[in-house]
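What follows is chain A paired twice: with chain B in the first complex and chain C in the second.
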Partner chain A sequence: MTARALGLRTWLLQRLSALYMAVYTVIALFWLYLSGPIDFVAWQELLAHPLINIFTQLFIYSLLAHAWIGVKDIFIDYVPNTRLRFVLFITISLLQIILAFWTFMAFYGVVRL
Partner chain B sequence: MNNKSRPKHLNLFKVRLPISGIASILHRLSGLLLFLATPLMLYILTISFKNNSGFEQAKLYLDSMWVKFIILILIWSAMHHFLAGLRYLVIDMDVGLSKNSANLSALLVSVLALVLSIIIIIGVL
Partner chain C sequence: MKFRIHRYNPETDKKPWMQDVEVDIDSSEMVRDALLRIKAKDETLVFRHSCGEGVCGSDAININGVNGLGCLTRLSTLKEPIEIRPVPGMPIVRDLVVDMEQFYKQYRAVKPYLIVKDPEPEIEYQQTPEQREKLDGLYECILCGCCSTFCPSFWWNPDKFRGPAALLQAYRFLADSRDQATEERLADLDGPYKMFRCHTIMNCVNVCPKGLNPTKAINEIKKMMLKDMI
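Take a look at the complex of A and B:
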């Protein structure tokens, strides 16, 4: 894949993840607002529901991918040193992968299958 | 290589920005702040539903002054990033491209984000 096509793919991923997060956020905030204060049992019960569990995981993966692309663009624009930029790029890539794994383990641990 | 001139490095202190440029840099700044806060917020979220003591621990974190302060900043960041991001999605569809309407919409989302954040922050406190 050429560099330009790769750029187009991240551009698209940036938009799709943004749209997903926007829709999820509005629905989730509305839902939580309507349900009012919540105790631990109800909170875990909510996130144990397979669909809510998956949709919430998808939100976090979208966020991690979206942030990865955005921060990468910031580095490209403001970090002139090629080596430093490469180190930063590897660092945020690893960080997002670790956070994704962390998210998966946490959500997989409570999902009611 | 035809992309030898890329990437361009911008000295932000030498650039005079129009309002759409200010909204754009705030979009970046707010995005960066949200990125930086992600590990902490993700940590608090994941312990909150793990078990009862994690839930209590999460409540303690959210009640602490330093997390409250971070959340204040995140409320504005999320609000600005959300509204300015929606504006970009509209602009991507070739709507509001003229200089005047681009500046007007930039002003609108920036002010709206600030006002809504203040309302939410007052409501939360």
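Take a look at the complex of A and C:
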């Protein structure tokens, strides 16, 4: 990753992910409000639909990317020690990758093609 | 009126200390007038000042916790005791005087001058009134440093983050129709530190004694970068 990628591109990604999450949240809340109380089976049914499955996955990836950029910014601001910052940065990045993989596994398990 | 003034003489004091002073002064006067009154009684007090009307930008100080110019801050607007400190985040030279080198270094780094690649015009550069209008709200900066020294991002990374004052000037030249180094200027400001340490905290906008808006300028630079990328 070049230094340049951590400037404009991460800034843009943070904004785009925020926008996606905002739109998704409004639509999802509206949907849930209309469909009333939902049990476990209904959740599975809902997420088995490929489009809903993909859009919900995207929401979680957006959340992960958004959080990764925010936490990275906090490290750059508040952790002046380069070595500690590097360790924290690698830790949070690995955690995010694991979470993304876990998300994919979970959603891939319920989708019905 | 009651004052508490930050005192520090590195030759005699181990640590900075606060001096309580009472001055007989009318509240319609400015903080700078009060400091001059105090200095007349105690000449060891050191502070910077020059024009006394908000043009030179010498007397940026921290008044009751907020940065401002001593010459433009009226005493009647302040709660007593009035606490006067040097601007935060900078190395203190003595009393209210700070070393501004880091601030100037960031200012110099944005190349605050026109860069023109074409041969210079024989008579003069020409601008339409509309092109000239774009520089309003940018060229008026007096480099007092109130904004940058009140910016948390500048406190954490004063060596890498350009700071609001320098970024306002960066945009002043990006917005100038005569300047021909847009690409280079934008490329230089990309990356995690130089501009993107700005988290739109907007302390700079709140304290600018000239009423300028560095946050807006920074957003304009981001927009230019986006257009440039697309």
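Here is the rule we go by: the second predicted complex is superposed on the first by the 108 of 113 C-alpha atoms of A that agree within 3 Å, B and C clash if a C-alpha of one lies under 4 Å from a C-alpha of the other, contacts with A are read in each partner's own complex, and residues count from 1 in each chain.
Here is the rule we go by: a contact is a pair of C-beta atoms (placed from the backbone, for glycine too) under 8 Å apart; a residue touches a chain by one contact, two chains touch by 3 or more.
Note that the structure is predicted; figures quoted are calculated from it, not measured.
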Request  = Figure out whether A:L19 sits in contact with chain B (first) or chain C (second), or with both, or with neither.
outcome  = first
Looking at the overlay, does A:G7 come into contact with chain B only (first), chain C only (second), both, or neither?
second
For this session: Scan A:L47 for contacts with chain B and chain C and give back first, second, both or neither.
Result: first
The answer to whether chain B or chain C touches more of chain A is B
- Which partner does A:I60 reach: the first (chain B), the second (chain C), both, or neither? first
_Just checking: does A:D77 make contact with chain B only, chain C only, both, or neither of them? Give me first, second, both or neither._
both
So the chain A residues that chain B and chain C both touch are 3, 76-78, 80
Counting only contacts in the complex, chain A reaches chain B at residues 3, 15, 18-19, 22, 25, 40, 43-44, 47, 60, 63-64, 67, 70-71, 74, 76-80, 95, 99, 102-103, 106-107, 109-110
Per the touch rule above, chain A residues touching chain C in the complex are 3-4, 6-8, 10-12, 73, 76-78, 80
Given the complex, residues on chain B that touch chain A span 3, 7-10, 12, 28, 31-32, 34-35, 38-39, 42, 46, 48-50, 52, 55-56, 82, 85-86, 89, 92
Residue positions on chain C within touch of chain A in the complex are 152-153, 156-157, 189-197, 199, 222, 225-226, 229
